[in-house]
Every structure is written in structure tokens, then in C-alpha cells.
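Quick heads-up: structures coming right below.
Heads up, the next two complexes both have chain A, just with different partners, chain B and then chain C.
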Partner chain A sequence: MAGEYKYQESLDWQPEDLFEKYTFKEMLTSSDARILGIKGMLLALIMLGVGGIMALTMRLELMEPGIQFIGPKPYINAVTIHGLIMVLAYAVPFATSSLYFILPRTLGIRNIQNAWAAHLSFVALLISAALLFISRPDFTWAFYAPLSLRVATDMIWMAYVSIILVGISEFLGGIPLISTAFAWKRESGKRWMEMPLAGWGALTGGLFLTISAPMLSIVGVIMLTDFLQITAIYDPARGGDALTFLFMSWFYGHPAVYLPLIPLIAVLYHMLPKMLGRNLWSHTSGIVAFTALFFLGFGVWVHHFQPNFTVHSWLNFFYQFTTMLIIIPSSLHVFNWVASMWQGRISEETRRAIPFKFIAGAIFMIIVGGVNGFLNGLISVDTDFIHNTYWLPAHFHAMFLGFIGMMSMAVFYFLFPYITGRMFSYRLANLHFWIWMPGIFVQVMMMFWLGMTYHPRWVVDYLPLPEWVSGQFWLSIAGFANGFGFLIFLINVLVSVRSGEPVSRDPWVMPDTTPASKDSAPVTNAAE
Partner chain B sequence: MQNALGLLDDQNILFAVMLGLGLLGIGTMFFAMFTPRRWHIPYSVEIVFAGIIFTIVMGGAYYSQKTVSQYWADIPKMEEEASNKKITIDYKSDSFDTAVSAYLYQWGFIFINPDGSASRNALSVKPGARVLVHVLANDVIHGFQIPAVHITTEVDPKSVRSIWFRAPDKPGKYLIQCMDYCGIGHHQMKAWLVVTDNVVPKIENGGLG
Partner chain C sequence: MIIRIWATLMVLVVGGVWLLAIPFSPAPILKTGTVISEYRAMGLVPDVGNITEAEDLGHGVFEVPAEDAGHLATESAKGNMNASSMPGMKMEGQTMPKQTQQSMAMPEMDSTSGMKMTDKSMPKSSDMATDGPAMSGMAGMKMVGETMPKPTGMTSDATVSGGKMDMAPQGTANQKMPVMMKQSMSAGNDGPKESSGSMNTTDHGGDDASDGLVLIAQGSPAEVDEILVKKGIAVDTTSVVNMVEWGFDSGMVMVKPGQKVRMKITNTGNIPHEFMIMNMAAMNAINYRLTRPDWNLLEHEAFSEVPFIMPGDRVDFVIEVDKPGMWMYMCMFPYHMQMGMMGTLLTPDMMGEMNMGGMKM
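Let's turn to the complex of A and B:
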């Protein structure tokens, strides 16, 4: 097929100790895409640890019915910080940073464009996270308006500023992705259809960031002015309307779930052919899926508060229709990955490789989390047991923890030799995978179970119904197991970065052992 | 137990479809990873696959739209009935229909019965009765869920949600809970749907305080 992208082994992918090459000061100021990527990923991993501690605090409290360790107020602080940190300070920055890292060399251009925006994005995120921790908000990470304006403490204005800043940070973070994709077009002079899928992910992911994130900042500004009694847009008691808040905040909030997803899918499209040692199943199918996901992704946000009785019923059904449609591009991505694995033999080296295991786990979890989108989107089922029961956290934990968590680990293990010039401990990484895979699966399944038994969200205490007690217990056990897995990851990274086995050649060059036949396209591993 | 939407059985079919899709996806992935048979899938398979997914999800959407439209269409009818019949509390009557207002405030429920009496955190209905509820949130966004009759709604301040359900046939106490975080007392925001045959439940008269 014309324009088919050929997987090529770039000469630049050599193990390198970047921590030796750059001084600490250079690391802070360098515009090298790899340095920007490492900084973003390390900050994100620290945030993952912080968010994880919050999660384990909650799990400890929820392990048994009744209030044992922390009261409702600190509990909801933990919920709020866990949610905001995990989505806005771990998932999104990790995904964009890892794409910064791989993008220039995948597209064959020198560096990401507009690196200044990535610098500013990083600084804005740091300030935003600091403000969030100082203000200790207790309005949940969805910060629904009349409540989030009323539970205020003296410091709560900092949380609104933090929301404004994180919107700015994400907007800026998207600029390098878009401009790098355009730089590829300018420099290579090829047609758009020939752009590598990582570039397509950067383009659509960057557009997602730059179009949706300003709305988050606007919501933050309105919340600040409402809080200062300058305006009364969201506060019904003073003539505002909570519905305005819902429409505005979810206009950001739905695309927000694609902000970490799309860049990591793009990275997956880069990693999978490299791990398999051969071309993807289809380049065109990936482009179709990215484009369709982009256009549909902006047309579904009303399903977060469906059914909405104040809008006309056909509008509710319109959003139900678009929500159902979005299953198609998502499943085309998965189809492409599975077909790529199926079309040739998977060598023993690939099977044993840690990044491949995490990729397989991520695909497994995106299927688990994706198919129940079929039920979530249907208003008739949504108004029964889905809306704001544990079913909903189950869905997005399957996606965020299952897909994005597993994928980010795949990316980090994959990039580790290129960052440090050393190899991580295989045994510890393997242990990490075999703790996380069942751990995340059990955790998600227990959440689904609690959702089906109508366990409400956002509660510090629950009725001692037998199905709720056992569900919460095993959920907590699985949560602690995942925390233990992260600890192993941490130890592995900290030890291997100093005393790991040095690697001299690209460790992820995998042999393609598929016997040649007339059906399979020739594999071009050499640079064109 | 009769579902308000009448879809307990249909829901099982949707559930089975979802499980089937999931198992198909996961099964195919493992098969693709471990089978010695290799297959370069032609594009036609993907087109057929997308067509099947499209059919399934559109079938689900059509089904949901039909059920929900029916459910919503019944609300104005019931509103009319409620205003015409001048419903009085008569627990001995066989054909008992009632229209109740539910006020949701931090962190409790007040139910106003048609005769103006108010009961706090308990809604008393006869077994099998068709109950129309006007749900109002007083301060912040609340949720209103009765698991036993499979009904959830989210309610914003200033707007009224009308929902109806058919009460369970078996007398007893059924949970009503708030589904949206509404402050630190959210976990305590519970009420009971009291399904009772002929005993007039204790009703607290008084204001909304």
C-alpha cells in the first residue's frame, strides 16, 4: 500500500548515560527533548508515589466498615489529592513527556520544536502541584461547583489558582507536540499519510491538549472570581447555575481522559513494532483510529452527567449515540495491536522482554476497561447501577491504572537503557510485573463487583453488607499489593541506575523469526 | 423484583454482550500471542469487525433510547394523574399511587407527602405502588438512588427531577442513598424506602428545618 510506514531501526537509539553527559544545571535548562522527557517522567513518577500513598491511606480506612484511622475530612482530602495528582500531575505529564522523548528520533528530526513551551509547562505544573498540596482541598477531584465554592478554608483560593495553572501547563505542553508534527511535514516534504503513527499521536494528542485545556483554566478563573464574590456564575444561591459548571468543566473533563491516552498509544505504536521486530499490521488503520478518536472525543462530554433533564431529550440521545460510536476507533487501535502480534512469530527474546510484558498487560486492561464503556454509555443502564457507584471508578481505574499505569511502566523500562546506559534488574522487574498484573486485575474486578452491588462513591464509611465488606477487603489487599509492586520498581530503578549492568548496544532489537512467505510484507529493518 | 424500567432481564442480555466482547478481545489477544499459527489478517476482516461492533453498539443505543423514552413519556402522564386524582393518603386503598417531593439537603432527605406532612429520611409506600418523586436539591449537587428499584438520578440545585418507580412487592426497609459527594457528611446521607402494607408509619410533622 502506498504510504505504508516502514519500521526502521534508527541509528540514534543507542544506550547512553545522560546523567553523566549532562550536569544537574544543564539538565534544568537543556532543551534536549530527552532531558525534557526525563524531567517530566521523573516528576510524574514522584507524583505517582504521592498519589499512591494517598490511595493506600484510603484503602487502609476502607478495609473495614466504620471509621478507624482517618475521619471524613482527611479522607476526602486524600481522595481529592489522589484524583487530581494522579490524573493531572502523573498521567498527563508522563504521557506527554515520554512522547517528547521518543518523538524527534522517531520522526527523524533534530529536536522537538518550541521547547520553551515544554519548559514553561513543567514549571507551571510544579507551582500548581505545590499550591494544591498547601491548600489541601476537600471538594473531590471533580470539584462540582456549588460545593467546591462552599467548603472553603482560608487557603482554598490556592486550589483554584492551581487549577488555572494546570490548564496553562497542559496547553503549553501540547504546543511542542503539534509543532513537531508540522516540522516533520516541513522538513521531510512527505505526505501526511506517511507520517509515523507516533507523529499522528503527537498531532492529535497535542490538539486535544491545546483545545481542551484552556477551558480548565477558564473554569478555574470563574471559580476564583465566584469565591471572591466578584461574579456569581456557578453559585445557584446567588443567581448562578450549577449546570453551567457541569457543561464547562466536562468540556475539558472528557477530552482530559484522552490527554494521557493518546500520547501513550502513540508511544505504543512506536514500541510494539520495535519489540516484535517487524512492521505494524496497518499504518492506515492507526491513522483512521487517531483521527476518528479526535473528532468524536470532543462530542461526548455530556455523558458524564447524563441523562440531563434540562436539555431536550434528543440531545441526551445524541450524546449517547456519539458515546457509542467512540467504541469503534478505540477498538480499531486494539485490533491493530492484536493483528500486529498475530501476523508473525513472537520470538523468545520478545516474550521475555519486560516492556513487552507490560505492553501485553496494558492491552489486556484496555480491553477489560473498554468493553464496559458499552454499558456506561447507555442511559438506561447508567441510571441503574453505574452512575457514581464503584462501577465508574472501576472503569477509569481499568483505563488509568490498567492501561496508562502499565504502559507508563513499559515506557520507563523501555527507555531505561537509553537514559542510564545500564540495564535494570530483570528479576525485580519481572516480579513487579507479576505483582501488578494480578493486583490491578483484582482491584478493578472488585470495584466492578462493588459497583454492581450499588456501593456509592466518595464515602469514608459504608454499611456492613457482606458483599460490600468482602469486596472492600480484597480491593484493599490488591491495592497494598500494587503499592508493594511500586516499591520494588523504585528499588530496582534506584539500584540499577548506579550499579546496573552496562549495555553497549540497543537492547530492544528483537529478531523477527517469522518464516518468509508471500503473504507477509517484507520487513525493512535497515534505514531507508 | 420488578424493575422500574422493566429491564432487569434485558440488562442481563446487555451484560452478556459486554462480557462476550471482552472475552473475545482477551481471548484473541492470548491466541495471537501464543498460537504457533500465524496469520496476516486482510483488511476485509477489520472492516467486518468494525461493522459488527457498529451493529452491536447501535443496537444497544437503540434499545436504551426506546426504554428511556418510554420511561420519560410516562412521567407527564403520571403528573397529570397525580394532579387530577387529588391523591390522598389512604393506605387501605388497593390502587395506591402517590406523588412525593424529596428535598435533598446536606446531609439528609426530607420527603413531603401529598397531604403536606413531612417525614425525615424515610419514604413510606405500599408494596407495588407506582410512586412519582419530584427530587429537589436544596444546596449543592446531590444524587438520589434506590438500589432496590434500580433508579439513580443526579440533581442540581434549582432544578427539579421527576422520576418514578414501582415499589418492591415485599414489605421491608430498602436503602436510599446520595450518590454525589455533597460535603463531609456525604457517607451518612441515607434514607429508607419503607414498604409497608397497612401500618401507617410514624410521620414527623413540621418544617424543613
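Let's turn to the complex of A and C:
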């Protein structure tokens, strides 16, 4: 097996205070992959704050049955902004930006290619988010037509433009990833199979972005023209078809769930061997998983609206089958990570390292979310209690909050010394982890519980059934705990960036304390 | 420095967006486009207030499919082994006006649902809850059968023959909707020629659904004005109810017992809506049916119904409330009510009774 990462101290990964090195103006204009990555991550964290405050507002309202704080209209605004911002403005940009940061050094090339696309992507996302905030749409984050075309405010056209722009932003964001992977091939002259897994993640993630994101822009354009009454493609009242919207929107929508996932998996494939101090369990299985996930990822989108009886039966069965097949590549990824940890001892330093804790938590949560994905794929239960109950938010919160949220924190803590040249406060970071880990778990589990008791989604108020009241109460408590954890993270960043302990050498070089065994071959980096 | 700028930005953006989205959430605008008006100009959509029924069509789209009629028969046979099945037996061989059979639908539904919800939520206003379904059904049948003329445009195929047990459900199932639709159509929108005939009646579609309400007039504003002038009735209070997607702008209309209220219902939205008023017992009956996956919502017992109000259309009701109670009005198009298109007409003393599934309003 090819070695994933050269884990001895390398010159590429030295702590450096980039904020001191670059001026503010250079920060905005520099094409350095690290600067692009930092910019994207910082913007994404602002968006995480926005999405988080919306989530906490909703949680405050849902804590008890009845309407206490906000009415239905602000509530559905909060739902819309929370959903759109968290997925499109936090998860995807954070994942791609963090991959920008690590990719050139992992692949051993100077910089990411086509950095102009990353710049434009950043600007497009900025404008898109601003337009969304001004328009304050209330069409929920899935913006189902024709509802999204009718229930509107005066400024709703901005939301459609925002959707167009975010599609453009994601398309542009994928270009550097693909071209950097090809640059590795060109410069190193090695075989594709020898490319580090981060490169494979960049390649497949970039292809996901560039193939699926244009469809989002097309959907946005059609919604705009439908709204302006130039076309009537999605409006059944004027001869359109809402099913066209479903097929088009979710053709973007299912690959979209992999847009943040794949780059973060790629980063995880870089971080995990470095943290463990030894090679991954398997290099090839990672490549197979990336490739299979790429091809299957485009063939399952109908399961997002499958219980509709408008989907023909053979199509239902076909997509149930492909949805089940997704389990194979996902399990390959997870198995690879677990086996990498399992095959040797995890040293004391590794276990104490904050990024490793978050990685372990993320892997735990992706297992929680992934195992019930098996249930979600089955049409029978999907029709019964999964669709349009809290079960579905539970599934994607396990994935998005559990895996992507935890993983993004792992990445940020991991990169913090390389960005600031200082170490964050261990105590605060540890507190952050130990708030988030149970917080996210309780939150997700309570959502599953509410889903099993048929609690409907997207509601501002609910009946005071005992199982719903207690579930929502603990869900809210866990949500507030997670918000508090994020606050600790912010304080940690703000304090440590000025007064953190300076780091002089790569802090994440961990020893492998696995005792040598005559059965196991010594760990080598021969294929490096 | 940069991190401090970032932190300040974060506070500003998070706070700003929160302020924009939550306290300063924009109100939904009522008119989101001119779709209907444009198509109206092209002649594709009927003009305001111009909906008429083509009586010669007779295509029966509102009739109950055969398989559902079977379900209805089965369920009714199960639930009507008490006295409420007796009216059906008594009607053997008679030629019955449609309204009679309408009035029978309620007892059937309620006896199968066991009247649980009705008892809990509406002890005062519902006669059916206290008197029992059988009594109400009997009373309704008798009175209607004697007093009501056969509505215009109806054939006599509602005649029930034979003494079978399934007679009542079949008759009900097959005839209920056409009757409701036609009657309301003619009352609501057909123009003056028919309106005075069918509108003046106080017993509009069975008394068990009216239950404290007396319909004085219904129709377009001009028609209602005409009727009011002709009868010399003064209206005590006026209530303007606008329908939009998805709701009524006034979700609660308060009327004192003995008052005559004129409700001006305008569809200010973009798509057609329906307007109907019914009492809580009927609501609960429908609610019961909605929980039965094997039953379609094919019939409902409304006090009054205008099945089709086009955008821009206005329909007026004049209703006299003769005793305390609570009634609901809603649009029963699929999912419109679930999206929020319902409201309450109630007398002030009913406020304490208002208990919508445990939620205080």
C-alpha cells in the first residue's frame, strides 16, 4: 500500500503567523492557498454563527409547546436562513476552503491551481449571502416550488439571485480542486493510484461541485423567470410541473450533501495518519470509496422525494437499490478510519490532541447517522415515519452537525498553529469538545426520538404530548449547550490568537507507540 | 488585528441578520403576482363572479367512487347498529329530497367515531353531542323532509328503494356531494334568477350542521343587498374576511347571540379557494375521517359552502346567530386548511371553551 503521509517533521508544515506575515490588503488579494483557505473558513465560521443564532431562536421557541417568543412568520424565516446558510454558506465553503489550505502541501506542489476561481467563488458567496439576508425568504431551505414562487415578500427575487450565485460560487470553488489534482499528476508523473487520498478527495469533490452546482443555478434562474412570469416551468397553475422542480432541484440536492462531506473526508485522510503517526489501513480502499461514492452519488437523488406517489414504482425500486448501494463506499471510508485506529496503539499524545478528539467524535457521529441511513433508504419505513417527521432532520443533523460540524472544528484546531504560530488554550478546547460531543449526541438522539413519535417537521408549535414535550425540551437544552460550546470556541480563538503559547515546531507530529510485532510488517513509507 | 475585525464582523452580521429575520421579519405580501388577472384578460379564466355550473354535463365528478361507497357502507353498517340506522329503514320506498340524506350523513359519521372528541370539546354548542346522533338524525330528516322543497336541477335518482341496510350509505354517498355543490353554486354565484329561491331558506343543508346558525342570505354582494332590502333585514355587524395563501386575515369573528352578521368574504389570493362554515361536531367528524387512511374525504356536512371562489371574487353571507356556539370556517381544498386557511366564528361566552387540541389560542 502506498504511504499516505510522510509523518516525520516536514518543512512544509511549520507553524507560522500568517496574520503577521500578510497585511489586511494582501489577505484580500493574495492567491496563496493558505490565505484563500483562511478567508473561506473565517467567512464560513461567521455563517455558522448566523445559522447557529437562527437555530437557537428556533430552539427557544420550540422548547415548550405553544407560541412564546416568535410567531410562525419569523420562525419560518429562521428555518430558511438556518438551513440555507448552514449548508450552502457554512458547510460547503468551510470544507472546500480547508481543502484549499492543505492540498498543495499534501500533494507537494507549490500552490493550488486556478486560484482566480477560488477568489471569484468567495466573492460570489459573499454577495449571495448578503442578498439572502436582505431578502429574508420564508420558503424553507428546500425552496419547493410552487410554494416558493407564491408565498413571498417584495424582495424575494434577491433570494433567487442568491441561489443562482451560490451555484456559481460552488462551481467556481470546484475548479481549483480538480486542476490541482491534475497538476499533481502532471508535475509528479506518478500513477493516479499513487495520489494521496486528499488528492482523490479533491478530484472527486471538485467533480461533484462542478457537475452538480450548475443545476442549482439553473433552478435559480427558472425560479426567477417563473417569478417574473416569463416562464411557468415550476408553476402548475400556469401549466408547469412541480415534479420538474423536484427532479431538477434534487439532482443538485443529493450530490450537494457530498459537497461538504468529500472535502472533509479528504482532509480527514490527511489528518488521521498524521495524528496516529502511522499509515492508513488501506490506501486503495479509500480510492475505491471515493470513486464509487462519486458515481453512486449522482444516482440516488430521487430518494429525497420518494414517498411521493408521483414517482413511478419501478423508479422507486431503482432508487431504493442505488440508495442501498451508497452504504458500500461510505462503509469503506468509515471502516478505513476505524481500522487505521484499530491496527495499532493510539499514543497518549494523540489521545490528548484536540483535533484527534474531534475526529473520533466525527467518526462516531457519521456512524450514528450512517447506520440509520439504511433505514431511510427503505421505502416502506420512509413512507411511514421518516419523511416529514423529525427523523429526517435527525439523520442529516447527525451527518452535518455530527460529522461536518465536528470535523470542521477538528480542522480548525488542527490548522490553528499553522495559521497563527500559536497554540490554542487546551483547557477551553477540551471543554468545547466535551460540551459538543454529548450535546450533539443528545440533540440528534432526541430528534430521532421525536421522529419515531411522528413529530412533524417545520412546525412552530406542537401538541403537548408528553413524548414530544420532553423530547423538544432536551433537544433545546442540547442545542443551547452546543451554542455555548461555540461561544467557548470563539473566546478560545480570540484569546489564543494574541496570547497563546508560541509554537516553534510542527505540533501535530505524533509518535506511534504500537509495539513491534513479528507478525506485522514494519510501517514504511516506501511508496511515498 | 484581522481576527479582531473578523470577530467584530461576526457579531455585526449575526446580530444584524437576527434582527432582520426575527423582529423585523417582513410581512408576506398578499398579492404576489398578476397571474390570474393576465389569464383572465386572455379569456382563459372566468371573470369575477361568473362561475356557473353546466347542469347538462352531469359527469359526476363529485360522486363517490364505487369502491369508496363500499367502504362507506361497511363502516356505516358497523356504526349504525343503534337507532340511527332506523331512519334509513323508515325511508323505505319513499322518494326523498336530497337534503334529507345529507342530514343523515352526520349521525353515521359520528356514531362510528364514538363522539369522543365532540363530547370533550363542544359540550354546549352541539346538540348532537348531548342528544346523540340518532335523535339529531331523526329530527333533521323529519323536518327537512316536510319543509324543504326539492332543489332545482336535481333528478330523483336519490330515491332509495328496498329495505336493505346499505341503503342509507349508498344514497348518502352518491348524492351528497352533487347536492352540496349544486346548491351552493346556485346560491352563491348563479345570479338573481335562482338566488331568491334557494337562498332564502333558513334550513340550508340539514339542521345538524347549522346548529344555532340561521342563514339569511348568501351570494354576491349585489344579491345579498337585494335580499336584505326585500326582506327588510338590518345587519347588526359586518365582518370582512379576506382569503389569501394561506390563511384568513381575520381568523376569529366574534358575534353576540341574536345578532345578524354579514360576512364579506373576498379571495385576495392567487388561486381559487373554497369557503365553508360548519360546526365543531362536523369538524370532528371530518377530522375522524382524515385519520382513516382507507376513507377519502369525499363528503362533508357543512352549514354552508361556496365551493369555488376565484381570485378576486367576493361572496357575502348574512348569518343570524340564534344561540351561543362556535363554528369554523375554512377552505377545504386539499391542504389549504392544514396550511392555515381556517377561522372561527364564535359567541363571546365560548372563549373559555376554546380548546383546539390542547392549545390555547
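The criterion applied here is as follows: the second predicted complex is superposed on the first by the 501 of 528 C-alpha atoms of A that agree within 3 Å, B and C clash if a C-alpha of one lies under 4 Å from a C-alpha of the other, contacts with A are read in each partner's own complex, and residues count from 1 in each chain.
Operating definition for what follows: contacts are C-beta pairs under 8 Å (C-beta built on N, C-alpha and C of every residue); 3 or more make two chains touch, one makes a residue touch a chain.
Not measured: the values here are computed from a predicted model.
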Chain A as common anchor, with chain B and chain C clashing or fitting: clash
First, second, both or neither for A:L375, with chain B first and chain C second: first
Contacts of A:K73 with chain B and chain C, given as first, second, both or neither: both
First (chain B), second (chain C), both or neither touched by A:L494: second
Touched partner set for A:F247, first chain B, second chain C, both or neither: neither
Which superposed partner A:D461 touches (first chain B, second chain C, both, neither): both
Touching partner for A:W281 - first (chain B), second (chain C), both, neither: first
Greater residue coverage of chain A in the superposed arrangement, chain B or chain C: B
First, second, both or neither for A:I134, with chain B first and chain C second: second
First, second, both or neither for A:F305, with chain B first and chain C second: first
Steric overlap of chain C with chain B in the superposed model, located at which of 38-46, 110-118, 182-190 or 254-262: 110-118
Common interface residues of chain A - those touching chain B in one complex and chain C in the other: 73, 138, 150-151, 237, 461, 463
Parts of chain A lying in touch with chain B, wherever the complex brings them together: 72-73, 76, 138-140, 142, 144-147, 150-151, 236-237, 241-243, 246, 281-282, 285, 305, 307, 309-310, 313, 316-317, 320-321, 324-325, 327-328, 331-332, 334-335, 338-339, 341-346, 360, 363-364, 367-368, 370-372, 374-375, 377-389, 453-454, 456-463, 514, 519-521
Contacting residues of chain B [partner chain A, same complex]: 3, 5, 7, 11, 14-15, 17-19, 21-22, 25-26, 28-29, 31-33, 36, 38-41, 43, 46, 49-50, 53-54, 56-58, 60-61, 63-65, 67-69, 71-72, 139-141, 143, 145, 147, 150-154, 156-159, 161-162, 175, 177-188, 190
Chain C-touching residues of chain A, taken from the complex the two chains share: 19, 24, 27, 42, 45-46, 49-50, 52-54, 57, 65-66, 70, 73-74, 77-78, 81, 133-134, 136, 138, 149-155, 227, 229, 235, 237-238, 461, 463-464, 490, 493-494, 497
Chain A partner contacts - residues on chain C that touch it in the complex: 1-7, 9-10, 13-14, 16-18, 20-23, 25-29, 32-35, 38-39, 245-246, 270-271, 357-360
